[in-house]
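Here come two complexes built around subunit A, the first alongside subunit B, the second alongside subunit C.
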Partner chain A sequence: MNSMVRKEERKANKHVASYLVIGGIVIGLMMIFGILMLLQQGGVFDVGPALFYQFLTIHGTGMVGAAALAAAAIMYYFLRQYVDLTPEIFVTNLWLFLVGVVMVIIGVFSFEYASAWTFLYPLPALSAGAWGTLGAILYLGGMLVLGTGFVLFYIDAGRAIIKKYGSLGKGLGWDILSGKRPVDKAPPKAVIASTMVIIVNTTALIAGTVVIIMNMIHVVNPAFTFDPLLAKNLTYAFGHIFANAIIYMGVIAVYEILPRYAKRKWGVSKAFLVAWNMSTFFTLLIYTHHLLMDPSMPKWALIMAQILSYSNGLPVLVITAYGALMLVYKSGIKWDLASGLAFLSMLGWTLGVVPAIVDATIVVNHVMHNTKWVPGHFHMYMGLGAVVMLFAFMYFLAKEDSGIKENWLDKFGLTCYTISFLGISGSFLVSGAISTPRRWATHIPDWMGPAVFGGVSGVLALLASTIFIFHFTRYMALRNKMGSESYEKKLA
Partner chain B sequence: MVQTVAWIVSLIFMMVIAGVFAFVFLRSKERRDYEPIKKKWYKARNFYAVTLIIIMLVATIYTLRELPYDQPVYGEGLEPTIVDVESVQFGWKMSETEFKVGEPIEFRVTATDVTHGFGIYDEDMMLLAQTQAMPEYTNEVYITFTEPGTYEILCLEYCGLGHHLMTETIEVTE
Partner chain C sequence: MGKTRYGIVLFVLLLLPPIRLGMESIMIVHMLIQLPLLILAGWLTGDVVVRKFYDVWDRWNGNGIPGIILVFFITLFWMFPRTLDEALTYNSMEFLKFISLPFVGLLLRGSWEKLHTLGKTFIYLNYLSMFGLFAWLYIDSPIQICNNYLETQQKVLGWGMLFITVLMILSIIHYVFTDHSKENVT
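Then we have the complex of A and B:
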């Protein structure tokens, strides 16, 4: 490999590492707000409702944004091994993310904006005097800037896949499924997963842009109104898909890490392609399960929401998780933090599917929608699934790029993280089972116990995450010092 | 109670999944040739996939038989009590708040400012039914109380800083 290529690789890894470290630190900070909210609900202290709902807004926005950013780094790292991505756009996305985050933070904490990250129309404009126009514009504008960066990133990735493979359909293996080409000519897993994410997230971001701009106009000029049900559809078409897609970017790391450690091939089969095509289709449509308690929606759409949400569990349960289990079973795999976290993430994802499917059942949703059951599901899915994929990739990259050693503290972090996130998710699920409403600044005594348990578990999760992020910053410091010498040796 | 069933079903499936992962993890140290494993477990996957689809189909058919959106079939000559509910930051305006056990009630729920959530809680603070309260739309909740007592209405959609204060009580007598 010539020195020019080596230099490019090092630069790309530097950008990927910047994404990961910023994403990791923001996730850690957002955990603090999550802990504070749970302890407030548990009656441990009282920060008042205004600050609580500001924490709620920043926690949701920050977690999804930061996890999406770090997951985009995983996608970029592996996808660029197969297609020609534009580094300048990757860097631009990071800068736009930072600008967007600053705007959101100023909007929330300086102007007391607190619509929650779902900003359901017309709440941004009608705050009952809690926040003003400027706070709403800063928050919504920040989301818009942040979204623009991601749109650029996905458009560039889509362009690169189309250039190499001919179309996004071919990126999803349609020519293989139609029998025009043999399965051994299928695109790599990173390309297939990236194609899926490009399709769903571009759609999500367009929906988000429309609803954010309409909200902004409404905030400035309340005479301009639009249909609240349409707004809600657009909001969840944005929020649900965008949050959901994090795990589909993160899983690329699992596809790459586990086979290397197990020394087995995780090939692309027709079933694999069918699963990813199903995921593409379902992910675009299942946001409607957020509207199961909106009977103004067409009844058929709500019934389809249940059926499609059930079906969306199949690709992970039958293909991805099953494939991971087969790959690891009697493989003599070498366990370290990267492989251990990758395996744990598959457990978290699969576990999280269960309460999600249960809640997508209309008769269950009737008594569990907007209870804490919902955060119970997604803290399992995101906290024990998607975010673990990010940490797995951090350890993988650190090892690949610098050869930095893990120690007992990292192993302790893995155990601590697993137990604590089971505690957080479990406490939310118990709260949901006893009908505790979500997004309430205060709780009655019956609801406080699980909240305190969740808060304490959160402290442990924060400790474990700090250990993971500390390891990664050690790698970055070492990398800067050594100029990634070991990586160069590997490439040579 | 639906919540208890949902919790137990979830717990059982999650424990099975955790058990499978633990089993594979414990067997991960020994090394065997991958081809026979693939052959055996791909075959098992077909059975597993079919079983999973059957479970999902049965659950779908069973749970879609009666939906909360459908107006119940009332007895002959039995007219439901219509209750108009208007939600506004941060309170409820209800045309009636006192009911009898066995009286079929239709809550017609809307909002005048932002979206709220209309949740009916029993005396044990368990959620019995809910719908969204959305401006420009009216959503129905059908309920017949079987126990006397003081029930609570809680807001179940975040609506601003007084969200958690948005409660109301209704009385149900014999």
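Then we have the complex of A and C:
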């Protein structure tokens, strides 16, 4: 391998590492806001409702944004091994992310914008004096800038897949499914998952752009009103899909890491392709399960939401989790933090889907959707599923790129993280089961116990995450010092 | 040279008072037929202009990005209800319209082909969301937003824009799902 290629590899890994460390640090910071909110709800201290809702806004936006950023790094790292991606676009996305984040932070903390990430029309303009025009414009504008970066990233990835495979349909294995090509000619898993994410997230970001700009017009001129139901549909078409796609980018790490550790091939089957195609199509439609309580929605859309919610995540999850189990079974796999976290993420994903499917059932949704049951689902799904995939990849990259050793602290981090996140999501689910409303700054005494338990668990989760991020920053420091010598040796 | 001639003829036809006033009397024809035809006139004549001033053009618009950014902002400007309204109220705005939109066509001629797939797709998706946004804005507006056009006319325009949005969605779906293995995707 010539020095030019080596230099490019090193540069690409540097960008990937920058994504991961920024994503990891933001996730850690957002955990602090999560802990503060739970302790406020638990009556441990009182930051006041205004600040609580600012925390709620930054926590939701920051967590999804940072996790999406780090997951994009996973997608980039593995996808570029199969197709020709543009590094400049990858860097541009990072810069636009940072600009967007600064705008959002100023909007929330300097101008007290606090509509939660949902910015549900007409809330950005109806603050009852809690925030003004500028705060809303900065927040919404920041989201637009963030979205622009991701759109560029997905367009570039789509272009590269079309260039190599001919079309996005072929990226999803349509020619295999139609019998035109044998299954052993199927694209790699990273390409299939990336194609799915490109399709759903580009759609989501376009929907988001439209509704964000409409909200901005309404904020500047509140006399200009528009259809709130369409606005809610577009808002969730954006937010749900974008958040959902994080796990579909993150799972690429599982597909790539586990076979290397198990020293077994994890091939693509027709069932795998069918599952990913189902998820591509259904992910675009199931956001309507956020509107099950809206009586003005057409009945067919709500029935469709329930049925497709069942059909969406399950095929990919079952095929991935079952595949991972079969891959690991009697393989003599070497367990370390990367493989352990990758395997743990399968558990988190599987467990986290269950409360979601329960909530997507219309009769249950009418009772549970406005309770803390829902954060119970997504903290398990994201915290024990998607974010664990990100941490798994961090350990994998650190080992691949520098040969840095793990120690007892990292192992303690894994145990601590697992237990604490079961504690956080469990406390939310218990809160939901006792009908604790979500997004409330204050709780009655009967609701406080689980909130405090969740807050304390959050502290432990933060500690574990800090250990993971610290390990990664150690790798970055070592890499800068040694010029990634061990990686160069591997490449040579 | 043939294209240039067609471009000049089209521009002159669009300037003729009966045609101009007839087109501007109906909002959807004004925005979705007259304005694109002005751009088309500029695009048809653009080839000669670009070739004649190639050095200057190449220096300022080497990769097509400056040109396409100008295209974006000028067309965005003419999608606003207020500018459309003012073109009917003030002669200066009408004059600006007849100058700026053929200029957009000229810029398009000299910029579009220079863009890579990434740039073209980004611009395309930008217009897709813009047409969707303006469709919603014109259909859903609770008030009359132009002095010169009735509320029903703005709704018709909104539906026209929605139709274009749907066509653009179908077109991109067609592009990404049909085979391009034999093409040179840059």
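Note that in this section the second predicted complex is superposed on the first by the 489 of 492 C-alpha atoms of A that agree within 3 Å, B and C clash if a C-alpha of one lies under 4 Å from a C-alpha of the other, contacts with A are read in each partner's own complex, and residues count from 1 in each chain.
Rule of thumb we're sticking to: a contact is a pair of C-beta atoms (placed from the backbone, for glycine too) under 8 Å apart; a residue touches a chain by one contact, two chains touch by 3 or more.
What you see is a predicted model; the values in this text were computed from it and never measured.
Taken together through their common subunit A, the two structures put subunit B and subunit C side by side without a clash.
In the superposition on chain A, A:Tyr329 contacts subunit B only, with no contact to subunit C.
Of the two partner chains, neither subunit B nor subunit C is touched by A:Pro315. Once the two complexes are laid on top of each other via chain A, the angle at subunit A between subunit B and subunit C, using C-alpha centres, comes to 100°, given in steps of 10. Of the two partner chains, subunit B is the only one touched by A:Leu126; subunit C is not.
Once chain A of one complex is fitted onto chain A of the other, the partner contacts of A:Asp227 extend to both subunit B and subunit C. For subunit A, the partner with contacts to more residues, out of subunit B and subunit C, is B.
Contacts of A:Leu152 after superposition on the shared chain: subunit C is touched, whereas subunit B is not.
Taken over all C-alpha pairs, subunit B and subunit C come no nearer than 12 Å in the superposed arrangement.
Taken together, the two structures place residues 227 of subunit A in contact with subunit B in one case and with subunit C in the other.
Considering their complex, residues 2-4, 6-7, 9-10, 13-14, 17-18, 20-21, 24-25, 27-32, 34, 37-38, 41, 45, 48-49, 52-53, 56, 59-60, 63-64, 66-69, 89-90, 113-115, 117, 119, 121, 125-132, 134-140, 154-164 of subunit B touch subunit A. Every residue of subunit A that touches subunit C in the complex is listed here, in rising order: 86, 89, 151-152, 155-156, 158-159, 162-163, 165-170, 174, 199, 202, 206, 209-210, 213-214, 217, 223-227, 230. Considering their complex, residues 49-50, 53, 56, 114-116, 118, 120, 122-123, 126-128, 130, 227-229, 232, 264-265, 293-296, 299, 302-303, 306-307, 310-311, 313-314, 317-318, 322, 325-326, 328-333, 335, 343, 346-347, 350-351, 354-355, 358-359, 361-364, 366-371, 373, 429-430, 432-435, 437, 439-442, 444, 446-447 of subunit A touch subunit B.
On the subunit C side of its complex with subunit A, the touching residues are 117-118, 121-122, 125, 128-129, 132-133, 136-137, 140-143, 176-181, 185.
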